[in-house]
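The structure appears right after this line, and notes come after that.
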Amino acid sequence: MMVNQIPFKEFHLLLNQGLRVAIGPFNVCIQTTYKPLAEQLYQLYRHYRTAQNEIAEFHVRIVTERSNKNPFEKNVRFLLDGQSPFESFPQAQALAALEWGINLAIAVRVSHLLLLHSAVVEKNNHVILFPAWPGSGKTTLCTVLSYRGFRLFSDEFGLMDPQQGTFYPIPRLMPLKNESIAVIRNYLPEITIGKSIPNTQKGTVAHACPPEESIQQSTLTAKAKWIFFPKWIADSTTKIETISDSEAFMLLASNAFNYEVLGAKGFQAVAYLIRTCNCYKLVYSDFEDVMATLQRLIDET
Amino acid sequence: MTAEKPQKTTETSNRESTVSTLETPQHTRRKLLKGAATIPVVMTLYSGAALARTSNITGEAANIDTAVFMDTSNGPQLLCVFPDAAQQQISGDTYDLGAAPQATLIQDPKINPIAASADKKKLEQLDACHAQGGIMISAVAYSSIMDKTGITINSTTL
Amino acid sequence: MKLELPRHNQLLLQAITTPSCLVQYTDIEWELLIRQARRVKLLGRLTLLLKEHHLWDTVPPRVANQLISGFVQAEKLQQLCSWELNRILWVLEDFDTHIIALKGIAYKLIDLPYAKGRLSVDLDLLVREADLADIESLLMIKGWKHRPISAYDEHYYRSWSHEIPPLVHTERETEVDIHHALIPVTTQLKIDTALLFDTAIPAAGHPKIKLLSPVDMVIHCAINLFQNNEIANDLRDLLDLHDLMTHFSQQDEDFWIQLTDRANQLKISHILFYGLYFSQLIFSTSIPEKTVTRLNSKPGKLKHRIMHRLVPLALFPQHPDHSLRSASWARRLLYLRSHLIRMPLYILLPHLIYKTIRRYL
Amino acid sequence: MMYWHTEHFHTLLIEDWGDEYTVFQPDSGKTHFFNQISIQILIFLSQHPATIEQICTVLAKQFQQNPDKEFTQNIEKILHHFETLGLVKKRNQGNPHDG
């Protein structure tokens, strides 16, 4: 059952008790009685599949509480299995808190897969990785690509099975930050973007919905073929520079959440990726330009 | 006997993986290390986990009120974090591949938390932090990374 | 007295004591089991049990992935602890002394069954008090540092505790806790560390490392649980105790007599009493009947009854979605107890006030 | 005499990227990057313990260098670094063919 096949009233009721949503290879049980969040989720999660009768890996809650600083104000708190990993947030940031919280839960708990910190898209059954730290514009780039012919795997996590060498899609809401929000609204006016949430820890955030097809195909895995270490530099022309295997190895390994936890398996997985992928540094500013460049590279190989 | 080519020491015998190299891309031989080949070099990779987590969750504190001040015997001290080491490409022969985020407590100027000057002094500590290339980190970010793999500046008996 | 556990805790206990019952668990039960096992650090243990009982193929895939993740993390932390010890030994190479490895790393060194799945975050070592200053400074020269702590905490460690402030090497993450005694110095109980070194046994392959004798290892485990800690979510530590006693008693038939003799000698038999009692109550450890009667001192009836009510409520994890009020109270009371037995009131009251204030600052 | 020897060399996983190497050290769980000369030092020491002079003589020949002061110093520096990483150990005396 898809979320958009459920009437809002029922959806809200499910959220009160614990709504189970399939997000890539994981099921997340989300519980909240905070109605504004229910409304946002009803809009932004509408293409996700519910998994009410399945085991959920993550159990998260958003609860409201009185603010310590201002007794007339209410805050929201994120809970993972009843434990609170963060301070509370202003109510308006409930969605951002939920999304960050789920990311944190994945990042700290999952160790049966290699977790690269990377945007991931797929084209012609080949995965393209964009491993990078925040500020490189990977979410923005990823949003554009996923609505322009590439299938979205994730704007944040490269989930790799270290045995098989395959990647699992985990399409989640894409948190656009600050200037990127307007950039994407202009460039992709047709897509669904949630309300702008100002004053978060990362400035203003607005969540872009992944394309419906990407969510529907989120059980289809694929192997990686290209790795681009991206950097967004204002007004630069698109530049692609090959990098050496050893450098790519070190960059990729240091861009993973749990590379060291996996020990020898992580080492072998990264070595495998480097041996089987073409690795480049990518500098860009213009979407059309970067897409044309990527397309050319894909066609060549 | 050591003049011969290095033996291929890749130990793959215990590799359970079914991964196979189907099509090997054209691999470039441009080296990570540019420059003298006769200077022995070893670089150790530091875990990216902590940095990834900081940046994944939050960034810089929005204002001084949400920054983290640690209580010390010398009054509150700003937690100053040096982020994003992995992105700094230091010019020269090698690439700095980054370390786990480093943090320090700013000691000057000393803050008396109940004095009227406290807010001004807090901002001065922030300047001192910026001068070292650091940022103030929000309390939220701090609490989310306070476990073993994050910045572990504070350890109390709580 | 019987053990009464809420349903969700029964799911956890059954899984550990009778893994064969897991084939009957429904998805809902598996999910609740995993969430509790994670809270009390037993994912690695469950993984080992399922494999040992050839049940791995019956585990639902979503559960199996979480178990593997838990096991991999336990393995990684063990590797980090072993490496930290390796680096400490390297620093102490020219320093003529022995150090005793405690807790998780010791269980690994004696090959205690299931030690491979045990999650231990810190490296715990015991040194002779006379060596303490030298060892601390040798480590600090080679890059270990104390985490910045407040003057109050520094004072707490140096004056009242049985360990120095934790050390962490600048390039690594593992915390090293160096103890000079097994019990905080503010406690009325005293165990002469020299006595422990006298009977310590060598660790295979590590000339500098020693291990507590089997009986002392058990006693230390009981002290940690019922004297030094607050018991909340410490089910794993009681399981350690059960494992140790089971393991040693199989190796040496005089084990139980030696254990009670030693407890009497060290004047901690009332603490060991709780260890024996709860290990048997919860994990059905096979302890000869006479063992308890050989203890010189036991808690009074009322104390015992209260502990019987409180301890299981605190040891087992709360239901992750709805916490029991009785369990919350049990935890609060045991928290107070743990402080009362560790510190005289004139230290304790200011200490608790300080900690309370700091929590709300 | 001071002899250097490798520690658990056989456990290392080494990926060869053409004159540059990434090495996984299971004991420490760390990944290291090596260049050609630094990996050759390890390989040489894994075959038998050697003094700094022996290492320099062999390496200088292999890399067609003068075993001058600077060369020796660089080798010495890296050996001490290897030691802190737990890749090599030094031993003061005894039979060099023990390890």
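For clarity, chains are labelled A, B, C and D in written order, and residue numbers in each chain start from 1.
Operating definition for what follows: a residue touches a chain if its C-beta (ideal position, glycine included) is under 8 Å from a C-beta of that chain, and two chains touch if they have at least 3 such contacts.
The structure presented is a predicted model; accordingly, all values stated were derived computationally and were not measured.
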| item | value |
| --- | --- |
| Identifier of the chain whose CA centre is least distant from the whole-structure CA centre | B |
| By number of C-beta contact pairs, the top two chains | A-B |
| Interchain centroid distance [CA atoms averaged], chain B/chain D, Å | 28 |
| Length of the line joining the C-alpha centres of chain A and chain B, rounded to whole Å | 22 |
| Centroid distance [mean C-alpha coordinates] between chain D and chain A, Å | 43 |
| Cα-centroid distance, chain C relative to chain D, in whole angstrom | 40 |
| Two or more partner chains touched - positions in chain B | 27, 29, 31-32, 43-47, 97 |
| Of all residues in chain D, the ones touching two or more other chains | 13, 15, 18, 20, 26, 29-31, 33 |
| Multi-chain contact sites of chain A, meaning residues that touch two or more partners | 244-246, 250, 253, 259-261, 263-264, 268 |
| Graph class of chain-chain contacts, one of line, ring, star, complete, other | complete |
| Chain A residues touching chain C - in the complex, by the definition given at the top | 18, 27, 31, 53-57, 59, 81-82, 109-112, 260-263 |
| Residues of chain B defined as touching chain A within the complex | 12, 14-19, 21-32, 43, 45-49, 51-53, 55-62, 84, 86-87, 95, 97-98, 138-141, 143-144, 147 |
| List of chain A residues in touch with chain D within their complex | 244-246, 249-250, 253, 259-260, 263-264, 267-268, 271, 274 |
| Chain C to chain D touching residues, read off their complex | 76, 79-80, 82-83, 86-87, 90 |
| Interface residues, chain B side, partner chain D - complex | 1-3, 6-11, 27, 29, 31-33, 37-45, 97 |
